[in-house]
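Just so it is clear, A, B, C and D label the chains in written order, and each chain counts residues from 1 on its own.
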Amino acid sequence: MLRFDSDYMEGAHPAILARLDENNLCKMTGYGEDEICTAAKEKILAACDAPDGEVHFLVGGTQANATVITALLRPYQAVVCADSAHIHTHEAGAVEAGGHKVIGLPGKDGLLDADTLDAYLARFYDDPTYMHTPIPGMVFVSHPSETGTLYTREKLEAIKAVCVRYGLLLYLDGARMAYGLASEASDLTLPDIARLCDAFYIGGTKCGALFGEAVVFPKKDACPHFFTTMKQRGALLAKGWLLGVQFDALFTDGLYGRLGENALRKARRLRDIFLARGYTLYAESPTNQQFFVLTNAQHRALSEKLGYVQFGRIDDERIIARFVTSWATTDEQLDELERVL
Amino acid sequence: MLRFDSDYMEGAHPAILARLDENNLCKMTGYGEDEICTAAKEKILAACDAPDGEVHFLVGGTQANATVITALLRPYQAVVCADSAHIHTHEAGAVEAGGHKVIGLPGKDGLLDADTLDAYLARFYDDPTYMHTPIPGMVFVSHPSETGTLYTREKLEAIKAVCVRYGLLLYLDGARMAYGLASEASDLTLPDIARLCDAFYIGGTKCGALFGEAVVFPKKDACPHFFTTMKQRGALLAKGWLLGVQFDALFTDGLYGRLGENALRKARRLRDIFLARGYTLYAESPTNQQFFVLTNAQHRALSEKLGYVQFGRIDDERIIARFVTSWATTDEQLDELERVL
Amino acid sequence: MLRFDSDYMEGAHPAILARLDENNLCKMTGYGEDEICTAAKEKILAACDAPDGEVHFLVGGTQANATVITALLRPYQAVVCADSAHIHTHEAGAVEAGGHKVIGLPGKDGLLDADTLDAYLARFYDDPTYMHTPIPGMVFVSHPSETGTLYTREKLEAIKAVCVRYGLLLYLDGARMAYGLASEASDLTLPDIARLCDAFYIGGTKCGALFGEAVVFPKKDACPHFFTTMKQRGALLAKGWLLGVQFDALFTDGLYGRLGENALRKARRLRDIFLARGYTLYAESPTNQQFFVLTNAQHRALSEKLGYVQFGRIDDERIIARFVTSWATTDEQLDELERVL
Amino acid sequence: MLRFDSDYMEGAHPAILARLDENNLCKMTGYGEDEICTAAKEKILAACDAPDGEVHFLVGGTQANATVITALLRPYQAVVCADSAHIHTHEAGAVEAGGHKVIGLPGKDGLLDADTLDAYLARFYDDPTYMHTPIPGMVFVSHPSETGTLYTREKLEAIKAVCVRYGLLLYLDGARMAYGLASEASDLTLPDIARLCDAFYIGGTKCGALFGEAVVFPKKDACPHFFTTMKQRGALLAKGWLLGVQFDALFTDGLYGRLGENALRKARRLRDIFLARGYTLYAESPTNQQFFVLTNAQHRALSEKLGYVQFGRIDDERIIARFVTSWATTDEQLDELERVL
């Protein structure tokens, strides 16, 4: 079946598999303390324009979020995010399992708005009983968001300003970072993100790697003993070089950027294919996730021939369908989509 | 440099890499709900003679231990193990981070002894204040142990009997399971382990896989909602099929067994090479880890030419050196070792 | 200043102080294993018509909630409540610190509605990705609620039916239980609560005791080793008899009931006093908390002479003021209130 | 029965009860933000010669230990103590429930020795794999220790020096502080403790109060938002003034000191009574706990007439019996002990 369910359905870009193959029987020092990891970290810091920063490779996104949040927050602190944030909706309570409350504020198109945040924090500190509640210690944003939308530089700077005013850290989940960086809808660059955030991760799993996320602390000494925290949270890979090899490949010769661009090009064509056949967009999305309105009848018919996700339900008659392209989507697949539709 | 530091220095057996390659661009359902995972789980349950059991694939050992222990224990319970157990010494407090005390009892050659356990539990319940202490809820054993020693069927049955008497679960960490199963020093089989343990894991990372551990609950419904617990602990791989493919390969045509046998054959030859040159064994070890006594002078000389681990120190003059073979160790490497020595 | 801020401003009913005095130098067995505790527990179980139940005395409400919820839930489970529930708003993330997500549903007048709960759970299990989110394991209700409203027997039975249908436990926070039981607005009795709930607590701190809450598990063996869990959570009082003495006094000769009745009588008079002077009720409240609308000017004037809580803000011009009576409120205090107003 | 089981068997010193009575119906601000608490805190800081410090009142010892340790440690850190330390042996895994490993080092007479600590830390950092284990972040000592022994100023200074060298915090559990301060066997004063420790608590429960412990952070801003952490851990008493009143009384006119002295005077007489009758001391103890060797026959006979604790067993024939005096022990009770023996 022709599938557009998700961007983590394929393995890795062939260049990455080749690098894994090539190093397969080299005897490598464990736990990311090998030379390939070191090289990959340098390339990432260079791309982020954060020479004093620190990079750690973790296996998955929930793991990265939970480990970083646990490492940076004190027990009395909570993390604030849009109510659609992955940590609030789909990470099985991982943040709470680490002891912290997640406070979901109403989002706008999947994004957290600086004004909403500001108003919330003003109200929070205006309440004389605030000391009986967890103290907001971190803002969590996803870029791209869970619905494929993007922060602009201005928006993230506005959020940062609120964070500074109220003493919160800013953390950015970049599970689909490649698709955000490649979009013309946002001017936010990796160096911007590194300048504005206290921590963020650059997603590999959904962006061309077999698996893996690169957590970046752009400032020196921002998170002491993170290695031990990773180990404690089950997030330290014995064969850390597997992650190093992948990120080294992704950050060599602009591969990460090109993979993002492919997905976006294909997403635009997919969007056009649907629109040309009279389907309705549910919402504009500038990245690799496209959302369409399907009637129940359309849904029944399409779901027999196509793989996609029922993202939600509008009313008894209509659903929201999510179609996702990726670094690996080909024009042949879209040709077939045209035939199927 | 010729290295025998560890059994997680290489990547994966070529058959596994081939399978990854072959499936790389197939679009696979996420989170281990694909057909390859299903097939691999069936092969593992068959090998364990546990048709009603449940298998879950996790990425690493600390992660597997912490997730299973958290999932099976209640807040008031502690886990009991030999004082050399990995969860007590080298997992960065992962079990405690999940809220549980680890109680280390004096081990014998790295193994927990049923009599020691029995005496401890008798004394525990004899203390009228025991309710002020965490209640022992699980026994943790490693097979092979951290120093390469093995439980026999009789020993594990004796431990199980104590567990039953005092109401404890039995959990076995099989990070190096292949090397235990291949050893003639123990008659313990996978079906024995499945019969005696409430949970255990079959190690992939150190036994031929790129990464991955297969957690087995041999009894039906032993651990409800473990999927959600995995997700919460950052232990659920989006591309679960990566793990399925590897374990499917390992449990096809007896590959897992053959990989274990290779390591043991090479370990015996390595041992012979050292003994033939007058080195002293620190302790007999029936698996793929070999321990020798080195004088400081020997250590200085050897460490320039060979990779190995200083496992401990006997006195001011002598250290314990650990040399490890693996599924990937070749006779050429041992030939070279002979030359170096 | 004449104060109606709260119902925990005074110490204890004189009968309780007398009992403390009387036993002060008796040498008592520690940790609640004394005869007075045993007697008090029997009286409470008799009042609950729950002869097989178990009672434990804890010091405070947040402590009771966090300890019970931790003890009863498994790591993958969340607790569901009205969004105004104390555990969600004012317990400093205690439930999350124990590892569990709190899911706040829209409340009606401070109460959780069975239909709202039912719809939420139906939607929850209808979502094919629900296994990626914490599984609802418990419903939390407060009776009286945080705004003084009450469940009727019918309402609590309806919630219980939903709990049974979806496999959730039902837990009731009775911090102000005396004021609920004394109200004619609800027909819910202690035996009803014991029949419907898996756990609940009968509040002492706000209902005539110096401090203390009686946690009741009405069914046998509902929560093994709760003693050890209490100890672990810092909720086990060395001099447990201090709690036993107080609850024994409260449950002797109907004192607990009479204290509740006094507060309600005084609350009705307080309400009448305000209404007679033209103040507006914010909402009807059938228990000891009364809510009035004050203009900013009224608020400025009153707050100089009276102690009360600004419970919220309606708009730029008006606030909600909370006045609370208690077991200790006297007619003399209300006479003075009349003079002040 | 004449009982010497413990020092928490009686209620409170009459002066404390009188103060509670006197304030019983005063309407007091909640959560320790009343004037009596403020006054009590000032008296304690004056007694500690720590004018910039911070005091918080908690209800019990396990609660105080767990809350302070959680508040001060980061997730990757462990707490180091003598293997007889209460947090390691009798607090139901409260520290682990907060996520931290407890590392018990061999104690000497119940005390942690600076040399033992130093050697442990030197070895710890000498191990190249130390980053795979929890990082020691705090030293925990009890003064008096669990067996009634005492640190001298010199000993605590030596421990502090090691802490400074390796970057650990120093925390002191003073559950029986009054009995340590009153002993001539140690020159350690409250100002010494405040100078050397990052946090400590002054015990009330066992030293004349109904209940309560005063946690002191002698340095400014040592533990931000501890109020919220207390609330989160169920350690914030609504009627905080109950604790303030008690500590205010204890730190007025030297009452705390006098209560300690009474217990020690009575302990010396109790010791003499036993020795005069030919009983053998198990160990010298300079505070209010006295340990004797009893044969099984003696134990059988005495336990019918006297309350005490079987603290341990020497061999099949002999046990260790603990007899405890307190602030409330009278000469009449010891006269009766003489008659009974």
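The criterion applied here is as follows: contacts are C-beta pairs under 8 Å (C-beta built on N, C-alpha and C of every residue); 3 or more make two chains touch, one makes a residue touch a chain.
Being a predicted model, the structure only gives us computed values, none of them experimental.
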| item | value |
| --- | --- |
| Given chain A and chain D, the chains that contact each of them | B, C |
| Chain pair showing more contacts of the two, C-D and B-C | C-D |
| Of all other chains, the one whose Cα centre sits farthest from chain B | C |
| Distance from the mean Cα position of chain D to that of chain C, given in whole angstrom | 33 |
| Between chain B and chain D, centroid-to-centroid distance (C-alpha), Å | 42 |
| Separation of chain B from chain C, taking each centre as the mean of its C-alpha atoms, in whole Å | 49 |
| In chain C, residues with contacts to at least two other chains | 75-76, 91-93, 97, 99, 132-134, 228-229, 231-232 |
| Footprint of chain C on chain A - complex, ascending | 75-76, 78, 89-93, 96-97, 99-102, 128-129, 131-134, 310 |
| Interface residues, chain A side, partner chain B - complex | 3, 5-6, 8-12, 14, 17, 20-21, 23-30, 59-64, 66-67, 91-94, 97, 205-206, 210-211, 228-229, 231-239, 242, 307, 328 |
| Complex contacts: residues of chain A adjacent to chain D | 70-71, 74-76, 98-99, 131-135, 224-225, 227-229, 231-232 |
